[in-house]
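Let me give you the structure first, and then I'll get to my questions.
Letters A, B, C and D mark the chains as written, and numbering starts fresh at 1 in each.
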Amino acid sequence: MINKICPSPEEAVKSITDGAVLFLGGFINCGFADDLLDALYAQGTVGLTTISNNPSVGERGMTRLLQDGRISRMICSYSRKPGTSLIEDLIDAGQLALDIIPQGTIAEAIRCNGAGIPGFYTRTGVGTPLAKGKEHRDFDGVTYIFEPALHADFALVRALRGDRWGNLVYDKAARNFNPVMAMSKAFTIAQVDEIVTPGELSPEHIITPGIFVQQIVRSRKT
Amino acid sequence: MNKLSRRQIAWRLAQDIPEGAVVNLGSGMPLLVSDYLPPDREIIIHSENGLLGIGPKQTGPNPDMNQINAGNVPVTLLPGASFFHHADSFHMIRGGHIDISVLGAYQVSEQGDLANWSLPQGEKAPAVGGAMDLAAGARNIFVMMELFARDGTAKLVRQCTLPLTGSGCVTSIYTDIAILDVIAGHIHIREIIEGITLSALQAELDIELVVSPALSLLRAPALDE
Amino acid sequence: MINKICPSPEEAVKSITDGAVLFLGGFINCGFADDLLDALYAQGTVGLTTISNNPSVGERGMTRLLQDGRISRMICSYSRKPGTSLIEDLIDAGQLALDIIPQGTIAEAIRCNGAGIPGFYTRTGVGTPLAKGKEHRDFDGVTYIFEPALHADFALVRALRGDRWGNLVYDKAARNFNPVMAMSKAFTIAQVDEIVTPGELSPEHIITPGIFVQQIVRSRKT
Amino acid sequence: MNKLSRRQIAWRLAQDIPEGAVVNLGSGMPLLVSDYLPPDREIIIHSENGLLGIGPKQTGPNPDMNQINAGNVPVTLLPGASFFHHADSFHMIRGGHIDISVLGAYQVSEQGDLANWSLPQGEKAPAVGGAMDLAAGARNIFVMMELFARDGTAKLVRQCTLPLTGSGCVTSIYTDIAILDVIAGHIHIREIIEGITLSALQAELDIELVVSPALSLLRAPALDE
């Protein structure tokens, strides 16, 4: 019997070792897998590279990892953490390297990783500082830059419901980057608020087919 | 001079959004536009975090923070709304399926270049978000800004000195003093507020304004802040 | 009020002129917009280029257009029409030009068109006759070929339900190419079996958001 | 010789599909595999037209032709099944999310090259379908074929003379006479039917077989055709 259900967030993140590269679903503070990130914090993992839209805004998960210097490189589109100078302070202390990539380019570059495509040409960023050093190429008289696929070892995603096959549905705008990261080549661990029996999620409504998910764990009661 | 307030700029811009348009509102000042959409028009608001068909802000004590727009504001949905993931959301943006993107700006150039993400000194923690995708992909870019910075410097310039967000992308510029359109590398003035003459405004700018034959007064109703 | 509903298939296809390039959703005989294609046949339009997975297998729609020589170029992954020599006969008569593209490459090349991406690198087809004349490029020691985005003037798609905004949901495997083609840059006309009021389709379950659809028309009663 | 029937080849191949595998079955002969999946294993069948979790064929008088597999066979779904569009379906294939693709073949080479879509004379109406995507993308390619064509020519060759579907992609070859694995440019024989000696088989082939240390008899139960 296929059973991807993991008993606890602590168990789920055990295979994440020092230096791992992580896709982290979420936007602002919506749709992050905070239980998994807290378990990763408790586990003491260091030297992480994260690929997410932004450093999460809440006090849990990604924020704890950043505060404790566990994330040594952050790839994101929006690195500000409103109301704090945490990111600036980490950079000043030489503890955090930062790469800024436009939001849509992050999304597509992760999709490329999952879809077996080595990168893509985009008009986004052409003529801006973010195009520096990148391959430029014209198609039909329009200039594009090449953005390579983004790779990670693990994807930590947050969903609303899931089953033991790994099928997932999301809650409203908490969907955001989560399905795209789940569909990557990374080992995908999903935190879900409810575990259901296969068949309870309609085949028409499943957003992430289970084959993209390697482990699934229920959110802690809050 | 009857300079428009930020809300009045938002109101004025909102009047130019046609029925059926698909519109992305950048965070900050552009989000004010949603308060003034003409009620007799169906306008589809897109948010890059994966929503189409956004209605008014949520009210009440327990907002649903899983239903936010890109500015972290909890919003309602209109009938016909939909959710989708980020790759699909930027498929919409990059692929030219968004009619109008409303963005703030630090500078706009005569050629329609836009600078709105990084200040001259640079930032340790920059925030580009989806602005470059919108600048490159939306069919029309409506910029919303005060025409002059607090120190009196014009934000409408011959060449941007700040790092660009996109080049040649701006369609129209809605400001507290005038509405301007970028047409083939020239800035056409379409509306100007009462109390300032065209020549007085021209004297403050480093670029040459082309006067629209239909030049008219820029007006907005009094609005609660 | 936004109202993309068109009174009849005949009305819906009026803007399709001779020589148009069409994306046609469907797979084997499942999920083709046959009412639209029959209306196009009745209208007498000629010189069409079609981009679809295969020539549809039934007796309606695409088959009628092919039989009458209205399709002058067919781009597809599978050009056989089981049980008939129609395609071979048309080619012999010099009436039909054929381009074969792998199925997944068709899907991704249409997605590229919709997503503002000029083409993509793929391992599919490398070392085969279908790679001839195509740009080859290595990434991390693996060879890929470049496949340009596919463009069309119109996309004729088939869905189960739709509303006046153009939102669509599909019926099971009749989904196939339809959402990908709808999301292209082409003018999308959707044939739906049922028209519902906006809000009846859950925001969580909509497969094609309405902004991708320009016209929607109800299937004829059969 | 106890040559296996097509159904017996399908049965034998099915025994090698592990619990939890994600498997795409090509149309034609490979579809027979679905009839012999071990009932104690959960195996997820993918069809490139947008289904995962396919169960047995539909039975009864009015099949739902909107629920077909890629071979136009109306199928049932297992609990946990899902539908998706073609771009997502080939994201699965091209991106390496399919564990095993079972494909028919006209020829397989010593290097694991696969030719299964176009005959030597070429066809006016070729049919590649999703075969090149599967050949390039699936983690393992299990070929199912008779080892010799009707005219006695071996289909396992030094170099394919037919147009390729993919190069170096074949993992294992299930035939009526033997099971073979492609390992680093050599063909290893893993199982052989009763009634033919290794040397007799070798004599019929233009390539040199490497004998697996665990070489055993290729057997299958009697099966209704």
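As a convention for this text, a residue touches a chain if its C-beta (ideal position, glycine included) is under 8 Å from a C-beta of that chain, and two chains touch if they have at least 3 such contacts.
Note that the structure is a prediction, hence the values are computed from the model and not measured.
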item	value
For chain B and chain D, chains touching each	A, C
Chains in simultaneous contact with chain A and chain B	C
Approximate Å spacing (C-alpha centroids) for the pair chain A, chain C	33
Length of the line joining the C-alpha centres of chain C and chain D, rounded to whole Å	29
Geometric centre distance via CA averages, chain C-chain B, whole Å	36
Interface hub residues of chain B, defined as touching at least two other chains	83-84, 90, 94, 136-137
Where chain C touches two or more other chains at once, by residue number	108, 111, 115-117, 122-123, 170, 172, 203-204
Chain contact graph, described as a line, ring, star, complete graph or other shape	other
Interchain contacts (touch definition) - all pairs	A-B, A-C, A-D, B-C, C-D
Residues of chain C that touch chain A when the two form their complex	108, 115-123, 139-140, 142, 144, 169-170, 172, 203-205
Touching residues (chain side chain A, partner chain B) in the complex	27-31, 53, 57, 77-81, 87-88, 91-92, 98, 100, 102-108, 110-111, 122-130, 170-180, 207
In the complex with chain D, residue positions of chain A that touch it	1-2, 111, 113-117, 163-165, 167, 183, 185, 197-199, 201, 203-204, 206, 209-212
List of chain D residues in touch with chain A within their complex	19-20, 22, 42, 44, 46, 52-53, 77-84, 88, 90-92, 94-97, 136-137
Parts of chain D lying in touch with chain C, wherever the complex brings them together	47-51, 64-68, 70, 72, 83-87, 89-90, 93-94, 113, 118, 124-133, 135-137, 163-167
